[in-house]
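Two complexes follow with chain A in common, the first pairing it with chain B and the second with chain C.
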Partner chain A sequence: MGMSRSMSVGKSTRNMALFSWLMVMLLVASTARAELLIRITEGADAAIPIAVVPFAESGAMPAGDKVSSVVQADLTMSGEFRPLEPSKMLSLPSKRSEVYFRDWRLLGQRYVLVGELTRNGERIQARYELFDVNREQRILGETAGASVSGIRSLAHHISDRVYEAITGEPGVFSTKLAYITLAINGNESVYRLQVSDIDGQRSKVRLESREPILSPAWSPDGKKLAYVSFETGKPVIFVHELATGERTKVADFPGLNSAPAWSPDGQSLLMTLSRDGNAEIYQMNLASGNTTKLTNHWAIDTEAAWDHAGRGVFFTSDRSGGPQIYHMERPGAEPRRITFGSRYNARARPDSKGEYVYYVHQRESTFHIARRNLKTDEETIITRTGSDESPSVSPNGRMLIYATQQGGKGVLTVVSADGGAAYSLPASEGEVREPAWGPISR
Partner chain B sequence: MKGHERDTISTDNAPLKSPVVLSVALHLLIVVFALAGWSWTNPVQEPEPRSISARLISPEPKPSPVVDDQDQRRKDQERRELEEKQRQQAEAERKREQEAEARRQAEEKVKEQARQQEQERKRQEAQARELAEKQAREKEAARKKAEAEAKERERQKAEQERQRQEVAKRKAAEEKRRQEEQRRKEEAERQRKEEEARREAERKRQEAERRLREQQLDALADQALKAQEAEARERREAEAARAREAQMLSESEKYQALIRERLSQAWYPPSSATENMTARLQITLLPTGELASVTLVGSSGNTAFDNSALGAVRSLNRYPVPDSRDTFERYFRQFTIEFNPQRLR
Partner chain C sequence: MKVSAQNKVFAMLLSFGLVAGCSSTGETMDDGSYGSDVAAIDQEGGSTVYGGAEGDGVSSSSLSDEERQEARAQAEQEALRNITTFYFDFDTSEIKQDARDVLVAHARYLASNPRQQVRLEGHADERGSKEYNLALGERRANAVERFLVVNGASRGQIETVSYGEEKPVVRGSSESAWAQNRRVELIFQ
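On to the complex of A and B.
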C-alpha cells in the first residue's frame, strides 16, 4: 500500500514532469510552428541607390546636359534617390542582355536604368529599361520621343516614369515652377514673374514690372497663373493665361487685393480683400466676378488655401494676437485654430493627400518651414535654413519648394517633404522669391 | 381364594382323614365342657381367655354365649340333672356312638369302597377324558406345533431370508462399508495426497509469490530508480532544452535583430507608402544565410511598396544567421518578414 502509494506519488510527479515536459515541447513546437515573424517598421534613412547608366547614343545629340544626367539630377533632387556616379560603374550596359545584376548588386544598387537615344531627324527617340537588381526583373521599359529642343522634357519624362515605377507616386519632374525674381540695377528694381522647369532650367519670364509682383498661383490645369501686381500702384489680382500671355484683372477692389488661390475646379479664386475696411477672405467666382465673404473678423484674415479635398479652407489670422493657421470645415464655417506653440505660423499650404499642412513657422527668432500631421497634430520643422518663407508643395506631396536667404540674397530650395534632402536651385541674378509649384499637366 | 378353598377342603376332609383324630377331638370336647362346667360353679370367675376357646372351637357349632342369671339355680339343677342325664346319655351315646361308629365304620368302609370304586371310575374316566383331552390337546398341540413349526419354519425361513438378506445386507453393507472404507481410505489418501499436493502447490505458490513479490519489489525499486533517473534525466533534458531554447531564443533574437537591422537599412519605403500598408513576405534561407526563395504572401495593395519589400529582402547577399544549425532550422530556415512603416520620412 505504502509502496503503491509512494509509487503512485512517484508516478504522479513523473506525470507532472512528463506534463511539464510536454508543455515545454508544445511551447517549443508552437513557437516552432508559429513561424518567426520579423517586422520592419523603419526603412533606410537613406536614398535609394540607383544606377542611371549613361544612355547609348546613336546620331548627333544636342549640346548640353545628357539625358541621363538630367534624370540623375531629377532623381537626386527628389531626395529619394542616390544615383551612382557613372565613374564607379563596372560596365555601361544599354540593354538587358548587357546587364549583369551581380555586378550591380555588388555595387549596392537597387535599380539600373539603361537606355539608348536615337536621333531621327529633328526628333530624338529614347528606348529605356529600368531593372530591379535584386529581383532581376525589368520593371519598366518604354520608348519615348521628343524634339531635339525638347530633350530635357524627354529626360524629365523618363525621370517621372522611373520615379513612378519605383515609388508608386507620380513624378513631378515635368512640372513647372513659377516664381518672382527681383533684379536691382542701381536704383531700379525689376520684378519678373518667371516659369521654369523644377530644376530651375529653361526659365522664361512671363511678366516684368518695376512694381512688385507677389503670390503667383497656378490654376489647376497649369495653364494660368493668378498673381498680385502692384503695377497700378496698388495691389491688384490678375489672372494670366500662359499660352497667350493674356492677363485679366480679376480683383481690383479698394484696399487690399491679395493672396489669390485657385479652387480645385479652377472656377473660383480665394483672395484677401479689405474693401470693407478689414482684411477678410473672399471667394470670387471667376466667371461672374461675384465675391462671397468667407470670414468676418476684426483681425486680419489672409493667405487662404483650399484643403486637399477642395471643401475646407486654411487661412492665416491674427485674431489670437499673432498670425496662426485656422481651418474652416467649409467656406463660412466657424474657423478652428490648428497651430499653437509659436508666435508666428502663417501661409499654410496643404499637400494633395490631406496628410500634412506646411507653413511658415517661427521658432525663436528664425523662420522655418514646418510640417504638421493633420491626424496626429505632430509638428516637424523640415528646413534647416533660416528666414524661410513661401512654402509650396509639389503635386505629389513629396517635395516642397520654399524661398530662403542664402549669402544675403533670396534663393529657392527644394526639399523632400520630410526634409531629408535639400536642393537649392541655381541662383539666377538677383533675388528669387515666392515660388509656386505647378500642377502635373496631363 | 385358594386358601379358603383349601380350608373348605380340609374341613371336608378332616373326618375322613382319621377316625382317631375324630375321637380325640370328641374327647377333647368333652373335657372342655367339663372344665367349663366347673368353672361355672364359681360365680365370679375370671373371664375365660376367649382367644383360646375361640381358637379351638371355632370350627364346631357355637355354644350359646349368653346365660340368664335368673334361671341360674334352676338351670344349675336342670344342668345337674341334665348333666347326669347327659352323662348317661353320653354313656349311651358313647355306646351308640361306638356302635354307630362301628356301623358307620362299616358303612364307611363300604362307602369307602364305593367311593374308591367311584373314584377309580372317575379316575379312569378322568384318565380317559384326560387322555382324550390329552390326545386332543396333543393333536391340537401337534397342530399348533405344526402350525407353529410351519410358522416357525416360515419364520425361520423368513428369518433365514431376513438373516440371509441381513447377511447379504450386512455383507453388502460390509462391502459397502469396506468399499466406503476403501473409498474413504482412498479419499483420505487422495485428500492426503491432494493436501500434500495442495500444500506443495501452496508452498510453491507462496514461494513463487514470494519470488514474484521479490521480483516485483525489485522491479518496483528498479522502476522507481529508473523513474527517478528518467525524471532527473527529463529534468536535465528539459533544463537543457530550456537553456538551449533560451539560448536559441536569445540567439534567434540576436539574429532577428541583425536581420531587422539589415533589412531596415536595405528597405526603401516608396514615397507612396502609408503607415497602414503591410507587405508580408515568406523567406526561405539556406544555412549559409543565402536567400533561397521569397514569396509575397500578403500584398500591401501597392505594387511599389510590395516591390520595395521584395527588393529589400533580395538585396541582402547573405542573411545574418546563427551558426547553430538547430537554431537556424527552427527559426531561420523559413520565416516571415512584415514590412509596415511606422515612421515615414
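On to the complex of A and C.
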C-alpha cells in the first residue's frame, strides 16, 4: 500500500501562499485527486525556474516513470524549483551542442538540465549536463548508472546532484522516510512500520502488528531503525536491522521504554525509561546495554534528541507546570529552558547546522509546528494546519515532515523549512503518522 | 416469604436502580462529573439515601435493620465498582473529586480479595506530542495506582501500562471525544 503524492504548493508571497494553502485544504476535504492540487503551485514566484528536458533514450527503457519526470517532480516537491512544462519547450536538446541559451532565456529559465539514457543489458546508464542559462556555462556534467529496476533511484540521484550544484546544499531526494500506518477494520487495528522514498513511492512494510508501533528513529548510517512496539502488551524499544530484518529488544524495563534517539556515532540510544517510577531520560550503550541516567526530576522528562553538534541534548519536561523544551549543554548537565510564551511546547528536533530547532507548539487551542532560531530566539509558526505533531527535519535542513490531519485522517505533510511550500502524503488506506526522515547515505 | 441473602441484595440493587445508571454515566460523561447517582452517595452517604425502596413494591419488612444496612452497603459498593473508567482534565493526572469514592470501593475490594489482579491502562487525548502523551498516560495510571494503594490495595495486585494517545475510545477531534479519551481504565483479571 503506497502513499500517493497529492499536492505541492510553491512558495510565493505570504498571502498568496496562505491563499493557496486554504484552497488546498478545501480541495483536499472534498477530493483526494492529485491532479487538481498540483495546479495550485503555478503561483510559485520565488521558486527557481529550471527546464528539465526529457532525456534522449537509446535502447529499450522500462515502462512507467521517465527519469526526467521523476527529476522534475523531485525539484517541484522541494518547493525551491519551478520546472518548465516540457510542452512549452522550444527544443529538446540532449547535449551541449544542442542547447541554444537565447531560447531558454526567452522562456525565463535560469537552468537547463539535459541528458541521455543508454541501456546496457540490465543496466541503464545516464549522462547528464546542467547549464546556467545567464552565464551560458555548464555547471554539472556527469554519468551515473543503475539497474533497470532501479530507475527511480537513478532519477533521485540526478535530482540530488542538480539540487546541490544549484543550492550548494546536498539534495535529499535519495533519502528515505519511515512512518507508521494504521488501518482499522471493525475492531481490528493493524499498525505497520513502513519505509519509502520521500515522495511516498516504493514503500515497504517492515513490521506489522495488532498493537501500536511508534517513534521510529533512524540510525545515523540509515541501516537500522529503533522504535517502540506494544506487541508484548507494553512499550518496548527494539532495534531493527533493515537489510536482514533482524530485531533486538534493547529496552524492556518495567514501565515506559520510549522515545529512542540515536547518538551521532550510532553507539548509543537516548531513551525515556520510568523504571524508577517516573519518566526520565537515559543513555544506553548498545554494545553493553548499560544505562546512564541523564535527568532526575519528579516531572515528566522525555523526547530527547541530540543537538546538531552531538554534544548536548534537547528534551521535553513539564517541570515548570506544562511541557516545555529544555537543553542540556552536555548529558547530565543542568538543563536550561528554551521555550516560553505558550503553555505547550514539546518534542524538539534540531536541524543539522544548529540554526533552528522545531517543535510541537500550542497557539490558542491549536497545535502547530514552530521553529525557533537558536541564535536570536525568534519563534515562527511554520505550519498552517492544526493537530500537528511529530516534526522531523530533512538531513539538509531545508524541509520538514510532520503528521497532521485532513478530513479526520492522519496524513504526513512536508513543508519547506520556512513553511512556504508543502506537499502531503496521505495513506492510500487508513492513516499515516510518526514520520522519521532518514539520513543521507554516503 | 423466604428470601436468601443473595436475593435480598439483588432486590436492593434493583430498587436502587443503580447498576446500569452508574456505569452509563461513567462511560459517557464528558464534563468531569459522574452524574447524580454517584453524587447522591457522596453527599448523603449510606443507607438513608435510598428510602424509595418501599415505593417500588419490594417488601423490605422481612429484613432486619442490620441486614438492610449491610445489604445496602454491599450494593452500594458493588454499584460503585461498576465504574471502571476515570477521566482527567487536559495535561493533568489529578484524580477528580467525584472519582474518589469509586476508587475507594475498588481499593477495598482489592484489599479483601488479595488474589485479584488489576491492570491500569492510562490514556491521553490526541493533542500534543505522542511521546509526552505516553508519559502522561503513565502518570495518570500511577496516580490511580497510588490512590488504590493508599486505600488498602497492595502494589503487587496492580500492573500499570500507558498507551498514550494510541488507543482512543472515541475517534475524532472534538472536546467530547478528547474528554472521553483522557482516562485510566481498570481491567480486572
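To be clear about the criterion, the second predicted complex is superposed on the first by the 395 of 442 C-alpha atoms of A that agree within 3 Å, B and C clash if a C-alpha of one lies under 4 Å from a C-alpha of the other, contacts with A are read in each partner's own complex, and residues count from 1 in each chain.
What we mean here is this: contacts are C-beta pairs under 8 Å (C-beta built on N, C-alpha and C of every residue); 3 or more make two chains touch, one makes a residue touch a chain.
Because the structure is predicted, anything quoted here is derived from the model rather than measured.
Judged by the touch definition given at the top, the superposed model places A:256 against chain C, while chain B stays out of reach. When both complexes are overlaid on chain A, the residue A:90 reaches neither chain B nor chain C. Note on chain A: of its two partners chain C and chain B, the one contacting more of its residues is B.
With both structures placed on the common chain, the touch criterion links A:333 to neither chain B nor chain C.
Within the superposed three-chain model, A:396 lies in touch with chain B and out of touch with chain C [touch as defined at top]. Of the two partner chains placed by the overlay, only chain C lies in contact with A:322; chain B stays clear of it. In the overlay built on the shared chain, the residue A:205 is in contact with neither chain B nor chain C. Shared-chain residue A:272: touches chain C; no touch with chain B. Contacts of A:302 after superposition: chain C is touched, whereas chain B is not reached. On chain A, the patch touched by chain B and the patch touched by chain C do not overlap at any residue.
Put simply, chain C touches chain A in their complex at residues 91, 126-132, 134-136, 138-139, 142, 160-164, 166-167, 171-173. Interface residues of chain A facing chain B in the complex, by the touch rule stated above, are 3, 6-7, 10-11, 13-14, 17-18, 20-21, 24-25, 28, 31-32, 35-48, 80, 105, 110, 132-135, 139, 165-169, 396, 398, 416-418, 420.
Those residues of chain A whose C-beta lies close enough to touch chain C in the complex are 212, 214-215, 228, 230, 233-235, 255-256, 258-259, 272, 274, 277-279, 300, 302-303, 316, 318, 322-323, 344, 346-347, 360, 362, 367, 387, 389-390, 405, 408, 433-434.
By the touch criterion given at the top, residues 217, 220, 223-224, 227-228, 230-231, 234-235, 237-238, 241-242, 245, 252, 256, 259-260, 263-273, 282, 302-305, 307-315, 317, 330-332, 334-345 of chain B touch chain A in their complex.
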